[in-house]
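In the two complexes that follow, chain A is the common piece, with chain B as its partner first and chain C second.
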Partner chain A sequence: MTHRAHRDQAPDTGVTYVFAVCRGTRATRTADVTGLVGMPGGAAVRLLPSGPLTAVVQTVPAADFTDEVWQSRLSDPREIERYARAHHEVVSAAAAHGPAVPLPLATLYHDDDRARRALDDEAHRFHRVLKRIAHHAEWGVKVYEPATAPEVAEPVTVGGGGLEAPAAGAGLAYLNRRRGVQERREQRRERALSVAESVDAELREVAAASRRLRTHGAVPGGDGRVHVLNATYLVAEHRSEELGVLVRGLGERTGAMIELTGPWVPYSFVGEV
Partner chain B sequence: MTGSGRAPGSRVDLDSEQMGRDLVALVLTVVELLRQLMERQAIRRVEQGDLSDEQVEEIGTTLMLLDQRMKELCDQHGVRPEDLNLDLGPLGTLLPRD
Partner chain C sequence: MAAERAVVPWDSPEPLSGPIGVPLVDLLDRVLATGVVVSGDLVIAIADVPLVRVSLHALLSSVSERVPAPWADGGPL
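This part shows the complex of A and B:
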């Protein structure tokens, strides 16, 4: 079947887009991918077996995926979203049948033969990653510090240091006010960091691997929440419930707002492929 | 070659008024950074207790007036105080956020 598809395609108009790489099990070999849309303008999504691995691929128009076109696409958030969603949909569908290594957006090969060769060349690494992510899912965790720290009222007078002198004019009052603001900020920062560290440390206990990502700082939209931890964890399926319980418990204990998202296809844990 | 359709520049919104505002915001950000550094330094010295009461009062008043002046400048140029910052990527932001 793949063979015919390959022959039908004119050699210089189609290239092979690879979404994900799975083990060539019976489940993946017989998986029905025909219902998937894939990339805009592409042919039907199909399976491309090669040895013990099977790739989920699609023939897409070469002219639509040149560096030039892709670069201009990158500058348009709506276009990027469209392509990323299409990519993600196929990857998720592939992952439903067993472990699947998601490949980066716009992974292209000249033709099926090249794609197969890449699979064969990298077979060891694919197998290693497949083993690592099998029966595991990625979970995203975001921790936010609430806008109003409960201890706001008192620190203005903390650590007097002889400053409450009688000659308190406007200048001194101003400095003291600023000092209070600074101290509160420092306290909040320290608290936020320690919350982030303890959440991360406890979650790492249930995770097979973890990655810290950049935090976004103050949340746009102005509710004043501050993003203090942005991390992602590779968690075994049988421990995902434990993770949920732990996150709820941590939220209650620390008073921070903890956002758990997932399960995701472990995009963040296949980087070495 | 293969007609890229739109010129790449057409996606960039070159609004000179916006650029002017951005430049003002950048300048004010740098000034605010210096002001905050001076303020921190002043607070540190006050805490160390090596300034006389008059000196403390004078420094405090100066910093307060600078703060007021900054707010006026922001108002005049339609820049919000929270716009006065730079995102330094992994290093966080130039000015601390409240």
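This part shows the complex of A and C:
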């Protein structure tokens, strides 16, 4: 499975990169995609009609899109960012004209005919997904446990003056303090998780579908907050305002830090149909 | 990458916006980790979930290695 890249391909061969699949409406068939950059090194982004569907595609150099090249690309944060953003830009543009099913980064076919055949083979699935995501957007919601307050050193009460030897029990007091710190940390985490659960439960009420993504742990940048919920919701366009109001209200009510991102093309809601 | 995290996510409902300002970590959650809809002819390994998970994990842990997660399993989920 891992080594399916075709080594017999001439180095200058072009392959067809598919960004997204839309309905072949007049709006999409006549959409202007010429201004889009697409993948680095690729030819012009263009439309590939196939029956009632239209794909947004680009011819890219095969040599730049082999397994091996992607392996090293995935280990370079700057490169992966460049390709991910290029992919996202085209997907977002495709979705401006109507529902668009985003394909995962680096979905490639030998040529247009193979791409068309793949779309035709899966046409019923694409239509189901397109129906599901029409007039919906994806919204990401992240909940953070607030930064840990600095542990206030409790005043040491044992021993009055500084000159006396530590009173008996100082070691025990120290251990008790340590235990207290640990317990408070546990309590904070439990509180944060229960806030996350109730936020998710309330947001699911306005969503057509929801998914949990992996959490990111501690947030880089050093402010110490910890990510406790990474959820994403498929929300009807006419309810997006309601979602925003609800998120703000939940933030005020729970005191948790809640971040809302979106609207996204429904990346997270095209895989299970 | 740290600067990337400082980008304030777009908070108000607006038309589908371009890629500028989209937090990278959220973008990768979606562009890489979403379900495979169709199998491509080439570079299937990229769309192959196990590889993506492994690579994504390596990538993201390099992003956040300066601030290790406070619990070993990486979070509650």
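One rule holds in what follows: the second predicted complex is superposed on the first by the 238 of 273 C-alpha atoms of A that agree within 3 Å, B and C clash if a C-alpha of one lies under 4 Å from a C-alpha of the other, contacts with A are read in each partner's own complex, and residues count from 1 in each chain.
Here, a residue touches a chain if its C-beta (ideal position, glycine included) is under 8 Å from a C-beta of that chain, and two chains touch if they have at least 3 such contacts.
Values in this document were obtained by computation on a predicted structure and should not be read as measured data.
Trainee: Considering only touches as defined above, state whether A:L172 meets chain B (first), chain C (second), both or neither.
Mentor: In the superposed model, A:L172 contacts chain B only, not chain C.
Trainee: Examine A:S72 and indicate which partner it touches, taking first as chain B and second as chain C; both and neither are also allowed.
Mentor: first
Trainee: Among the partners chain B and chain C, which is in contact with a greater number of residues of chain A?
Mentor: C
Trainee: Counting only touches as set out at the top, which of chain B and chain C does A:E202 meet: first, second, both, neither?
Mentor: So A:E202 meets neither chain B nor chain C here.
Trainee: Touch check for A:V181: first (chain B), second (chain C), both, or neither?
Mentor: A:V181 contacts chain B only, not chain C.
Trainee: Where does A:D64 make contact in the superposed view: on chain B (first), on chain C (second), on both, or on neither?
Mentor: Neither: A:D64 stays clear of chain B and chain C.
Trainee: Of the two partner chains, chain B (first) and chain C (second), which one does A:S92 touch, if any: first, second, both, or neither?
Mentor: Touch partner of A:S92: chain C, not chain B.
Trainee: Touching A:R214, do we find chain B (first), chain C (second), both, or neither?
Mentor: The answer is both, since A:R214 touches chain B and chain C.
Trainee: Using the superposition on chain A as set up above, list the residues of chain A that contact both chain B and chain C.
Mentor: Comparing the two interfaces on chain A, one with chain B and one with chain C, the shared residues are 66, 75, 185, 189, 214, 217-218, 226.
Trainee: Name, in rising order, each residue of chain A that touches chain C in their complex.
Mentor: By the definition above, chain A touches chain C via 1-6, 15, 18, 62, 65-67, 70-71, 74-75, 77, 80-81, 84-85, 87-89, 92, 95-96, 101-110, 114, 118-119, 121-122, 125-126, 129, 137-138, 140, 142, 185, 189, 193, 196, 212-222, 224, 226-228, 230, 232, 240-241, 244, 259-265, 267-268, 270-272.
Trainee: Quick check on the complex: what are the chain C residues that touch chain A?
Mentor: Going through chain C, the ones touching chain A are 1-2, 4-6, 9-19, 22-48, 51, 55-56, 58-60, 62-64, 66-71, 74-77.
Trainee: For chain A, which residues count as touching chain B in their complex?
Mentor: Chain A reaches chain B through residues 63, 66, 68-69, 72, 75-76, 159, 161-163, 165, 167, 169-175, 178-179, 181-182, 185, 189, 214, 217-218, 226.
Trainee: Using the touch rule from the top, collect the residues of chain B that touch chain A in their complex.
Mentor: Residues 1-2, 4-6, 8, 11, 39-40, 42-43, 46-47, 49, 53, 56-64, 67, 87, 89-90, 92-93, 96-98.
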